[in-house]
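Before I ask anything, here is the structure I am working with.
Chain lettering (A, B, C, D, E, F, G and H) follows the sequence in which the chains are written, and residue indices restart at 1 in each chain.
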Amino acid sequence: MYGWRLRIGLIVPSSNTTMEPEFWKMAPKGVSIHTARMNLTDVTEEALIKMEAYAKDAAERLADAGVDIIMYGCTTGSLVKGKGYDRQISQELEKHSGIRAVTTSTAVVEALREIGISKVAVATPYIDEVNAKEKQFLEDNGIEVIRIKGLGLVKNIEIGRQEPWAAYKLAKSVYTSNTDGIFISCTNFRSIEIIDILETDLGVPVITSNQASMWLTLKTLGIKEKYKEYGALMKEHL
Amino acid sequence: MYGWRLRIGLIVPSSNTTMEPEFWKMAPKGVSIHTARMNLTDVTEEALIKMEAYAKDAAERLADAGVDIIMYGCTTGSLVKGKGYDRQISQELEKHSGIRAVTTSTAVVEALREIGISKVAVATPYIDEVNAKEKQFLEDNGIEVIRIKGLGLVKNIEIGRQEPWAAYKLAKSVYTSNTDGIFISCTNFRSIEIIDILETDLGVPVITSNQASMWLTLKTLGIKEKYKEYGALMKEHL
Amino acid sequence: MYGWRLRIGLIVPSSNTTMEPEFWKMAPKGVSIHTARMNLTDVTEEALIKMEAYAKDAAERLADAGVDIIMYGCTTGSLVKGKGYDRQISQELEKHSGIRAVTTSTAVVEALREIGISKVAVATPYIDEVNAKEKQFLEDNGIEVIRIKGLGLVKNIEIGRQEPWAAYKLAKSVYTSNTDGIFISCTNFRSIEIIDILETDLGVPVITSNQASMWLTLKTLGIKEKYKEYGALMKEHL
Amino acid sequence: MYGWRLRIGLIVPSSNTTMEPEFWKMAPKGVSIHTARMNLTDVTEEALIKMEAYAKDAAERLADAGVDIIMYGCTTGSLVKGKGYDRQISQELEKHSGIRAVTTSTAVVEALREIGISKVAVATPYIDEVNAKEKQFLEDNGIEVIRIKGLGLVKNIEIGRQEPWAAYKLAKSVYTSNTDGIFISCTNFRSIEIIDILETDLGVPVITSNQASMWLTLKTLGIKEKYKEYGALMKEHL
Amino acid sequence: MYGWRLRIGLIVPSSNTTMEPEFWKMAPKGVSIHTARMNLTDVTEEALIKMEAYAKDAAERLADAGVDIIMYGCTTGSLVKGKGYDRQISQELEKHSGIRAVTTSTAVVEALREIGISKVAVATPYIDEVNAKEKQFLEDNGIEVIRIKGLGLVKNIEIGRQEPWAAYKLAKSVYTSNTDGIFISCTNFRSIEIIDILETDLGVPVITSNQASMWLTLKTLGIKEKYKEYGALMKEHL
Amino acid sequence: MYGWRLRIGLIVPSSNTTMEPEFWKMAPKGVSIHTARMNLTDVTEEALIKMEAYAKDAAERLADAGVDIIMYGCTTGSLVKGKGYDRQISQELEKHSGIRAVTTSTAVVEALREIGISKVAVATPYIDEVNAKEKQFLEDNGIEVIRIKGLGLVKNIEIGRQEPWAAYKLAKSVYTSNTDGIFISCTNFRSIEIIDILETDLGVPVITSNQASMWLTLKTLGIKEKYKEYGALMKEHL
Amino acid sequence: MYGWRLRIGLIVPSSNTTMEPEFWKMAPKGVSIHTARMNLTDVTEEALIKMEAYAKDAAERLADAGVDIIMYGCTTGSLVKGKGYDRQISQELEKHSGIRAVTTSTAVVEALREIGISKVAVATPYIDEVNAKEKQFLEDNGIEVIRIKGLGLVKNIEIGRQEPWAAYKLAKSVYTSNTDGIFISCTNFRSIEIIDILETDLGVPVITSNQASMWLTLKTLGIKEKYKEYGALMKEHL
Amino acid sequence: MYGWRLRIGLIVPSSNTTMEPEFWKMAPKGVSIHTARMNLTDVTEEALIKMEAYAKDAAERLADAGVDIIMYGCTTGSLVKGKGYDRQISQELEKHSGIRAVTTSTAVVEALREIGISKVAVATPYIDEVNAKEKQFLEDNGIEVIRIKGLGLVKNIEIGRQEPWAAYKLAKSVYTSNTDGIFISCTNFRSIEIIDILETDLGVPVITSNQASMWLTLKTLGIKEKYKEYGALMKEHL
């Protein structure tokens, strides 16, 4: 059977084209991914808030697949209402589906803490309005955002067209030596291929939305895969 | 960007745990899979008919991901109302989403014709009630069903627990020399690993629901991958 | 010549279909396996006791093959009469055949001690009656059985149909944090593929009947293969 | 489960140390080997005749393992009483065990016919007495034995100590251009590694006891593996 | 020594960042690439005409490196003055340097003829003004341009930022069934990775500027590498 | 895009045939090389001084390619006027092109210091006149030249014909135990293949012109590739 | 044992450093090479004639090693006295040692005939005096020498220092279209690496002294290795 | 050129068939082997003493090949006259040829000392007479021979027919725990394949004649290859 070690139920915004391939790439032996979608086309505050309405249905369907855990796979979608919003979402999903649930923004905060980043440089594909929400959320969770820089994209489908080197270049340009590491935000911003190169070149840990999401998913259910790529978080903190 | 050669939008019953991993395994370079789900837990006539109600929403969401084609990924779900039901579903999905759509049962019929099977032996995980519907549909489409044999499973999640060798053994037991080939039915019945072994041992072509679904999806949009596995259909008919 | 480094004579219950393939998989370079069988179809106390009658003949035949050591390859078959029964069997076989002999249950006890497990969680395919015998034997040998859980199978041929992930799931469900490790019992219960994954995920050593049997066989005759799989026992204790 | 495609029950003389390793090497994916033994130490006419008494018990035990077919794995043991003895043995085993049975000498004759060898050069490890029996059997089955040459060994365990190049050198020395091919006799005479080299160097097909035995076993139950080694018989006649 | 089989002297526009890596990727064993540059930043008619002034100096320097042949590596730069301009450039370079010289636009015309494309669909990164020159040149050389489509880029450095899939998508969109094949123009437009995929999917031959340039370079000096990629031109026409 | 991690602008003497292939071999993932040339045929003091006149034009052209750094790739060409000449060249190139610039002789001095060689044995392809310049330059920069030995070649194209083992043999013959390491001079003297063998055999670090040039280029822009070859400098000092 | 398929006794001139490594590289599985030497330092007519005196002793020693065949491994050494000299040498060696013997010049003539070269272009490392002898010998054996060109080397040890590309370049320069193929002479002239490249580039068969020597050695004793390199002779004529 | 890093001149008894293949297998990159022979067929005291007469001629011929060192490759041949005989041989060869020379027995003593074996168990193919000489030589050089055991073979060609497992079994049987390691004697006794297995199984270092010979040859001329096989001597003591 597929997913004998772990079945992950993944909820993504409808316009996300990156999280499914990156999750399949990172999936350890015996782990399978099963997806459901919530309507979203633009990455704006308003749209992100509306999206939540579709989450429960999605969770219910994934429960039918016998998933062991549900990942609410959207960074800003799980932080747009501020501190605690991520936990609120996962609790509601758990109540509704009877399955353990986590969110990307929870994963990001946990990962930054685990790896010891308290001053972070953030690279995003977002517009300023969304960046401001993210900065606020991180700082309210005790992570100082030294710099944050976005590509200014509203259309999520446009974000999904970016190449990994766009993330590399943006991350390198936002990095300053008074930070402890980098966070590349957005589950639709392709970047897992360049995590290790970026860590090698800059000498600091790099967290991305999808990497942190997979990490927390595995960690929550005790899958301790010995990764040889995808950054120090995956290689040394499972 | 992921899916630069082809983005497939895949609609599966909520309890299906096999079609996503098998589609990712068979996906050619540059092809990505994006999934949405329709509620279903039991494989019964009644439940399959109800499921269709969720298809439009799923298609709409996949359209947000910029998919090039939508695959309605359920064999019996796209034939339960008899001949023509498959075409009716794909037409409605196309109308609603503005995206080209196909279904598994259409794919199966097309594949059987393409490979030249007019008398088929059918192996399924289903109960008799569902087998009867399938037999009717195939024969109404001009394919004579010489033998059909099911595992008698109702719970779809139970079907997803079967190993490939279960499909191998069932297929071998249903085969008779007066057939032109085998059809292993159900997108949740794991079997792509044993297609080539079965073809080698029996000397006739083998069609499975997921193989045929991927084949029709690629063929419809002109992706002519040169497969070296997954049966004569994939190796010689793209 | 085959077996120039070591020729293992393996005695298995007639209905065992797993020990031969697992022994061949684990066999180091220059080591060959030669098998003889004892009649057994059901894994019950009564049948296990009767089986012993066939052991001497089997040992005699293996002696003809010039084997260096004889492994009595049945867990419960070598403990069903309680503490000391394993040593009694091996002594008789040695006396009769003139060849060094060991048994699976001896191997399991030795392995648990070597790896430092004094409180164990036990996963088996057996019925309760047989589990009770096993618990007693282990405890009489100084290993505390914290939990033991069986699949409730009587027919040995049915045990041989289980997939490795069945052993993984059962082992994971029987594990509790107040144990030092896991023992997966039965030479017919396929499990060597998942030893390392289980050790990684749970962080404790895992002993299986076939792994321990191979380990004691090699150790007894001084074959110190440097394994890279099959658990800490094989990787670090030869 | 092991042996989902085919489970072979193998009966060998107790002192045979070559047939098990060669059968495991040649076993296709999904095929497993399960062994039982008959007492034999010397390869003499008298001993070979006595050995048959142990065959039924062995077959019965293999039936417990759910094997799909039983191979009586001894060349001279299945021909020592002359033409028809091989068929007699397999019929008795089938009657007793309820399982399809074949023998090595049947396999050799079938293989020689299939590959088109009617005039053969035979290389054996045997003494003249045994060679005479073999020559008689082959000729009574319509295969003319142009030359036959043995190593003169009586002890079967000594035969099992020969290296494959001994078979190569013997076969090359017995070959003459007025034969259609070579037969290397004895399931305990290691030779599968040199079949392809010998065929390349001499330009004629080479049959060995173990190769022919595996070939007939697979062919009888419709396993059509695409071999890339082990001679023209395996590469082109399954 | 490097380049013992062939030393290629490559002249590129100063802003070209693609031809050097693509030439090194395609270089057969024993072939080395040595580069010199001509000033150019914008791909406009005016700038392309000015560029030629720098070619002689470049050729002279490459002669110092003992190159066996000089490739003037710019498509539009060698056709901007119309039919015959390509031959004029190569003759001047030969006269000046004493070394055999060829140009990209000569290579493209030769390749189209060799592969049998007389009606072509052209994909370019250029603006209309440059596309018009290219169409004229091809048609004056007897190749009918059925369709031509450009990305509208002026800055050459921007052309060098395009990913191969941009070429794939553009080529697919410009293709019509009344053409014999595709030509992807511009030595700075990355595309060799997708030639084979495009040929597979469309079923017609695909010529690109760099592929044709390498092909003519090798062909002129009799290097007949057996390519397994880079399109039918390289695989079947050397 | 090529060179997304780093684009190197490489200026070489026109007759150099080794630096481009060695730089491409050593280039890390995402790093591309773009070349321009300065006229030079003989390696004499006079010719090396004249060559500098062509450097600015070359740098300007490389700036058009958007390179991140310019390497003036000639050892003696950047030291022929003595201490400080290397810095003078790179400053002028930077002023003229607006791009960061470095030279080979700077790289060599930096590398010798980094690796801790203060007493060096030098192997070169040069004539004595050029060796004298090199010795002077190194000693003025604080590196004591214990021994220096040249092949006496004037024609640069002849230097480019030497095999790596010529460098190995020369280096081994110039080595004495009172040095801390070896320097193999000249960007046209093929040697990167034998750096590791030489370090293994002699037990001291080995610096070559091209290795040091790549090292300084990467180091200047923070590319910290984890090399597994090309000497201790590349493996341990990035 | 080494050499179970074939033991080659190789007699080489004392100063030859190429034939042993090239013979080991080309040796099929189960074939071993054993060497003895005859005194020779210069490749002159006089020295070659004197060398023969040492051949008998060498052959006698190789006979002690149980070799199956003796190769007199020197091209000009076995033709210097003209037509028939090669046969005379091998007959004497056979008489003296009792072992089958062949020579390089016999091998070359046989190979040229086998491959169908009647008009040959010859590349050698020799001086004119030796080339003249070779031309005479070939023509007396019915092979027309269209062109012959030598490097003019007398010292054999100097010949052994040439790289394979020297043979490639020389062969290419001596080739003319009115020949049927190339012969690269001298068992000390390294060239087996470039046979296939040369055949690909020129489109005619290429014979070298060592390739032909190995070919005749294998052919004489019926070793029909399926080569995938070393020219059409080895790939298609064994 | 072959042997650019090191050219080894190897002198072997004429009937030795093992040292050449084992030396080629162990030869590091850039190291070539060139062989000459001394007459010997039987391994007896008398024959070994006579053999020396042929050594000077052999050395002279190897000097013609420009070898860097000469190895007198015979264990007992270089110790048969007792302590100091090995040094006497190498000095004479050096005087005569002008090339550095070493012998196998010197290598064995040096290797035993280097690895720290002062009490040794010795496995040989020899008769007692020869074993006695060897024991004396080792003990006179300060190595206590705890046990020595031979196969009793006189004919050297018979020694060359032994398989590596014969050495493994003999070595294992001669080992006792009061020794520091094993010495497998004779350059014609095939054994390098089983050195690592033997060291793993017994836990003590293993020295063989050919391994020690290669080790001393490399060490003498400063070739420090990083071996991953052939025992602790090669892996840790170069």
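Simple rule for what comes next: a residue touches a chain if its C-beta (ideal position, glycine included) is under 8 Å from a C-beta of that chain, and two chains touch if they have at least 3 such contacts.
Source: prediction; values computed, not measured.
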(request) Name the chain pair with more contacting C-beta pairs, choosing from A-F and E-F. (result) E-F
(message) Please tell me whether the contact surfaces of chain A and chain B are same or different in residue numbering, using the over-half criterion.
(response) same
(request) Would you kindly tell me how far, in whole Å, the mean C-alpha position of chain G lies from that of chain C? (result) 61
(request) Could you grab the centroid distance between chain C and chain H? Build each centroid from C-alpha atoms only and quote it in angstrom. (result) 45
(request) Report, in whole Å, the distance between the mean C-alpha point of chain C and the mean C-alpha point of chain E. (result) 67
(request) Provide the list of chain D residues touching at least two other chains, using ranges where the numbers run on. (result) 1, 163
(message) Once the touch criterion is applied, which pairs of chains come out as touching?
(response) A-B, A-C, A-F, B-D, B-E, C-D, C-H, D-G, E-F, E-G, F-H, G-H
(request) Enumerate the contact residues on chain C facing chain H in the complex. (result) 1, 4-5, 29-30, 222-226
(message) Under the definition above, what is the set of chain B residues touching chain D in their complex?
(response) 165, 168-169, 197, 200-203
(request) Would you mind writing out the residues of chain H in touch with chain G in their complex? (result) 1-3, 7, 13-18, 20-21, 24, 32-41, 58, 60-62, 64-66, 156-157, 160-163, 190
